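In the two complexes that follow, chain A is the common piece, with chain B as its partner first and chain C second.
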Partner chain A sequence: MMTNKLMEVPAPAISARRQARRDLVAALPWLLPALTLIVTIVLFPAGYLVWTSTRDVSVVGVDRGPAGFDNYVTLFDSPALGRVLLNTAIWVVGVVVVTLLVSMALAQFLDKAFPGRRLVRLAVIVPWAASVVMTATVFYYGLDPYYGVMNQFLVDVGILDTGFGFTRQPVPAFLVAMGVAVFVSLPFTTYTILAGLQMVPREVVEAASVDGAGPVRTYWSVIFPVLRPAIAVAVLINIINVFNSLPILRTLTGSIPGYDADTTTTLIFKYIQQDRQVETASALSVVNFVIVLAVIGIYLRVVRPMRDE
Partner chain B sequence: MKRFVRSWAAVAVAGLTLTGCGFGGGDGQSEGGSTLSFLVPSYSDGTKSLWEGIIADFETAHSDVNVELEIQSWDNINDVVRTKVQSNAAPDILNIDAFSGFAADDLLYPADEVVSANTVADFQQSFADNASIDGTMYGLPLIASARTMFYNTELLERAGVAAPPKTWDQLLDAAKKVAGLGDGVYGYGMPLGSEEAQGETSIWTFGNGGSWTNGSTIAVNTPANLEAVTFMKRMIDEKATQPDPGASDRTPMLDVFIQGKIGMVVALPPTVGQIAEKNPSLKYASAPIPTRDGQPMTLGVADHLMAFKNKGDKQEAVKTFLDYVFSAPVYTKFVDTEGFLPTTKSGAAALAGKKEIASFLEVLPSARFYPSTNPQWATTQGAMQSLMGQIGQGKEPRAVLDEIQAKANG
Partner chain C sequence: MALAGAVVALFFLAPYLVMLIGSFKRHSEILRIPATYVPTEWVPSNYASMWSTPETPLAYNLVSTIVISACGTLLVLVVAMPAAYYTAKHRFPGRLAFLLLVLVTQMLQPTVLAAGLFRQFLAIGIDDTWLAMILVNGAFNLSFAVWIMHSFFAGVPKEIDEAAMIDGASKLQTLRRVTLPVVWPGIVTAIIFTFVACWNEFAASLVILTTAENQPLTVAITKFVGQYDSAWQYVFGVSIVGIVPVIILFALVEKRLVAGLTAGAVK
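Coming up: the complex of A and B.
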């Protein structure tokens, strides 16, 4: 996006093209390290991924030759795929929407001046600073039906008679995982929106109130349009992060049999580690990549979050 | 995208490191000696120092051979090995459970080319057979494990169960009585989570005379297996097991037994040490695993050492090292320290008096093994790990077995 914008900048008329080429050559030695890095750790592995998805690889890793699209056929024949795709949609939409709504409220709250605001702002960062695996593990053990503190608490206050296996059945475990995903996504989203809020000119808000606009009207007509780019960035990054998120689901739903609590990302790892099918996993990774590109494309086209007002 | 980039970066770095290792091995060669890469899983916290000690002693005696040890966790070792094989950098010697996939791809030396005839002759016959494909032995059985039932004597007594159950019907009855005590106490611990669902299921199907193969092909949905799995579901439905067995892994479930909240479980040799460490006051005893008609049966598991051909220039060095590892004093110390069961005749004789493993050595003759020589077994096992627990979530046994069979067929 950035590069597109840069390239759209109209060049001065005088032999601009030759000048640009000369600049590029001059810049090359400085760009080389970055380019090498991109080629070796992004482009080459991505290419290797696509290559592997068209090979017949044995369970121990020996390449037995080309397989055409057989791996994709195997993948799309899998009876679990429908449910997994549905789960993925619920997972991404649910987590991103809830995170956004809670963050908008939280950011609004943190933007007000009140005693101890600094401490509250710090507290909001904590889930961000902690490792995701650690946070998910804390919830996993806390919700354990035999010795989990959260279960014990629910029993002690009389809500439950005995511990409930929150992480033992697909649907409750998936919901718990979504809750944890919202919890760890909040800090980044809140802070992005908070940064956006700081850019709302005080005079404009005052003017709105002088004109007789209530708080709701002020928010949607004055503040929200200014927040638009911040929200766009937050949503985009959240979509990508949540879609590719592995540790939360793996920790919380990893011991559940079957594929009822899997997203495409966790299914990739089940293909690798349990079925030992690297080639099918590669095919699914390629599909995953295409899906994420498509989702972002649709988001940018339909919502047009970046358009200038 | 971030995860995508990061994981591929890791792969790329691993790839570069591996190539580096390959060159390093070549350098060792040019100095006149051999460098062997040796990849092992971590059995316990002491595994690393145990191997390091063995290697140091070996290198003192054989200055021309250099052994480079690499330790991986059980969670990772399969991925690590596959990545190495894929990038043509397989270790010279590997310690892992199954060898058939490597043998099927013709990557391994036959056993008699990498150990002396004396060493081969020292393996107990059942383990040697279990390490052979079509009469050729590829794996060198390193350690064995068997299962037996542990029961909480206090709970069984309180529930009015006079003797530990021998048959399934007695087990169901005893488990229901223990569960009837209430107060968060469960009858039988059935771990069908992804950690080891294939182990628990095999205990039941083998206990019904079932098998996972039909000669050369994997056969999961046979009548004998279906009958066994149906009885497992009956145990679950009649609340004779802990809740949600489909998502219970063995390790955390054994902790619940060690806390004294489960009446009966099928346990492994290291469980003895875990009880001594975590809850020495637990009152328990062991008994043979109940089977449908009371015939003795246990699930045996053997892990193997295997030697990769790679460039084919290190066979002599590999042979020197492996013969050293399997020499009686070195081998006995290794098995004894790790707390497993020996696979060699000399090791069994040396450890016959060790009381922690006595109850397991007793049941070893009736051991049944996974069909790990079948190249499709790895896939079948993975399918069982991810799918078998569904019987604990209301799915019909027949449908689950059919689903696993379909995965096994590929």
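Coming up: the complex of A and C.
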């Protein structure tokens, strides 16, 4: 009897483990294609990047042996880095905050019924459909101080006396680039919030106004809580995209010498393409990714987008 | 309201109107000081001559964009759909870990990994190929597609599946006749988003594709912009050719877009 009992006890544990393994094996064929792609095209290059950042690589790409942390030392010794980090912070915070505020207002407007709404909504999508390089390029042309048509418009309506070189100096060029970044981020953000607005119960909004709540009060106490998850996700995706954005700054400030209008992302590409320093670029990429992770980690802790689930 | 709508629409369309009008200007006029709002002479022949310029082999660039986008989207679909379906419909050990891994790929974008990808493709000898760009586009658009389709698959009530089974439908029949019609909007949303992202990809192409013939339109237009002379009329002509198909695509699914985002982003 004793032996029987002893043998019975572990049996369910083993079968549960066996069942778990069987479940995993059954799942693998469905996940394997995705896993293969993620491992070979995302994780492996990420590892390779970390490895390269500790190697001594020649300008033509030949690996000349280990370099320890020399590449990181080179990077942190670079006099440009402080300004670039500051630029990156201004770039991400500025673009994401302004995008969010404008999108909230715009979504509210596009949610109302008015003649031609479908066409207006379509117009708002256009910057999303267009490639960011192409959009940035038309601003670069339009803001040319001599033949730019947008500069000419500003002169004709009396805002400027003469064409201004928006894209010739680091600070104005950087600000213009931030404006363009907001412009191309608006469609996705607005549409996500618009999607969230569809879930606001009409009766509650009406009830609030019957109870004498003004539009501002109604927005913050009734509508905003419903929108919160949509906004949280939209902001998260914006942070990632804006942080990693290359084409806008490359197009609008790329011809300005020096690094005064660079973010960490555009600096990576200058290291790769202008300076042919893949190892310094790799070190900066690693730093860049650590920053993204830290920012997203803090964001998730503070905002808790999945709080309600 | 309608007037405010018109102002909003004009604000978002203005840069693209500049593009459209600019694409019809003669090279000498587009560089004229002061700038003209409307061409003194319309030159539609820009749209013919832009295909044979010394700057870039544009026909090849268009083919590159089409091939990379189509194959990249197909790759995402083939890889993401089974994963999204299975993680939504089955519980198994490691399910959450897998979904988190997918989420991490959203944060690691090609711009961060460009240097690593470039070195890796160089090492295995597929640098400067369409294949490399198809793989890159596939991998980095995977997460959004998985998440959108996952939430749609999860939204199909179990009872519907079971009812179909009881009625004698096989597993495949159930999938095709019952589940697929319900999740179709989610799949369409995922396809459109992926296709547009592939179509407009720039950073990875810039580093990985070094031969002019292999480069997509997004990289090709930068060739027309020089330090001393820029062929803006071609920049804008190519831009219009690149943008119009995507706008048509968006216009077709505009209504679904809101529904698709509700399920995908909010859930």
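One rule holds for everything that comes next: the second predicted complex is superposed on the first by the 284 of 309 C-alpha atoms of A that agree within 3 Å, B and C clash if a C-alpha of one lies under 4 Å from a C-alpha of the other, contacts with A are read in each partner's own complex, and residues count from 1 in each chain.
As a convention for this text, a residue touches a chain if its C-beta (ideal position, glycine included) is under 8 Å from a C-beta of that chain, and two chains touch if they have at least 3 such contacts.
In this text the structure is predicted, and so the values were computed from the model without any measurement.
S.K.: Check whether A:Ile41 is in contact with chain B, with chain C, with both or with neither, and answer first, second, both or neither.
M.R.: In the superposed model, A:Ile41 contacts both chain B and chain C.
S.K.: One more residue to check, A:Val62. First (chain B), second (chain C), both or neither?
M.R.: A:Val62 sits against chain B, while chain C stays out of touch.
S.K.: Going by the contact rule set out at the top, does A:Val200 touch chain B (first), chain C (second), both, or neither?
M.R.: neither
S.K.: So, A:Ile291: does it touch chain B (first), chain C (second), both, or neither?
M.R.: neither
S.K.: More residues of chain A in touch with chain C or with chain B?
M.R.: C
S.K.: First (chain B), second (chain C), both or neither: which does A:Phe109 touch?
M.R.: second
S.K.: Quick check on the superposed pair: does A:Gln274 touch chain B, chain C, both, or neither? Answer first, second, both or neither.
M.R.: Touch partner of A:Gln274: chain B, not chain C.
S.K.: In the superposed arrangement, which partner chain does A:Pro127 touch: chain B (first), chain C (second), both, or neither?
M.R.: After superposing on A, A:Pro127 lies in contact with chain C but is clear of chain B.
S.K.: After lining up the shared chain so the two structures overlap, which partner does A:Ala230 touch, if you call chain B first and chain C second: first, second, both or neither?
M.R.: second
S.K.: For A:Thr167, using the defined touch cut-off, is the partner it touches chain B, chain C, both, or neither? Pick first, second, both or neither.
M.R.: Only chain B; A:Thr167 stays clear of chain C.
S.K.: Where on chain A do the contacts from chain B and from chain C line up?
M.R.: Residues 40-42, 44-46, 49, 61, 146-147, 240-241, 244-246, 255, 265, 272-273, 278, 285, 289, 292 of chain A touch both chain B and chain C.
S.K.: Would you tell me which residues of chain B are touching chain A in their complex?
M.R.: On the chain B side, the touching residues are 1-5, 8-9, 11-12, 78-79, 81-86, 101-102, 104-105, 107, 184, 192-195, 197, 243-244, 246-249, 252, 256, 259, 261, 375, 378-379, 382-383, 385-390, 392-393, 395, 403, 407.
S.K.: In their shared complex, at which residues does chain A touch chain B?
M.R.: 40-42, 44-46, 49, 57-63, 79, 144-147, 162-163, 165, 167-170, 173, 240-241, 244-246, 254-259, 265, 270, 272-278, 285, 289, 292
S.K.: Which residues of chain A touch chain C once you look at their complex with the stated criterion?
M.R.: Going by the criterion above, the answer is residues 20, 23-24, 26-27, 29-31, 33-35, 37-38, 40-42, 44-49, 52, 61, 106, 109, 112, 114-135, 137-142, 146-153, 155, 183, 186-187, 191-192, 194-196, 198-199, 229-230, 233-234, 237, 240-241, 244-247, 251, 255, 265, 268-269, 272-273, 278, 281-282, 285, 288-289, 292-293, 296.
S.K.: Would you tell me which residues of chain C are touching chain A in their complex?
M.R.: Against chain A, the touching part of chain C is residues 1-2, 4-6, 8-10, 12-13, 15-16, 18-19, 22, 30-37, 75, 78-80, 82-83, 85-87, 90-95, 98, 101-102, 104-109, 111-120, 122, 135-136, 138-140, 142, 146, 196, 199-200, 202-203, 206-207, 217-218, 221-222, 225, 227, 230, 232, 235-236, 239, 242-243, 246-247, 249-251, 254, 257-259, 261-262, 265-266.
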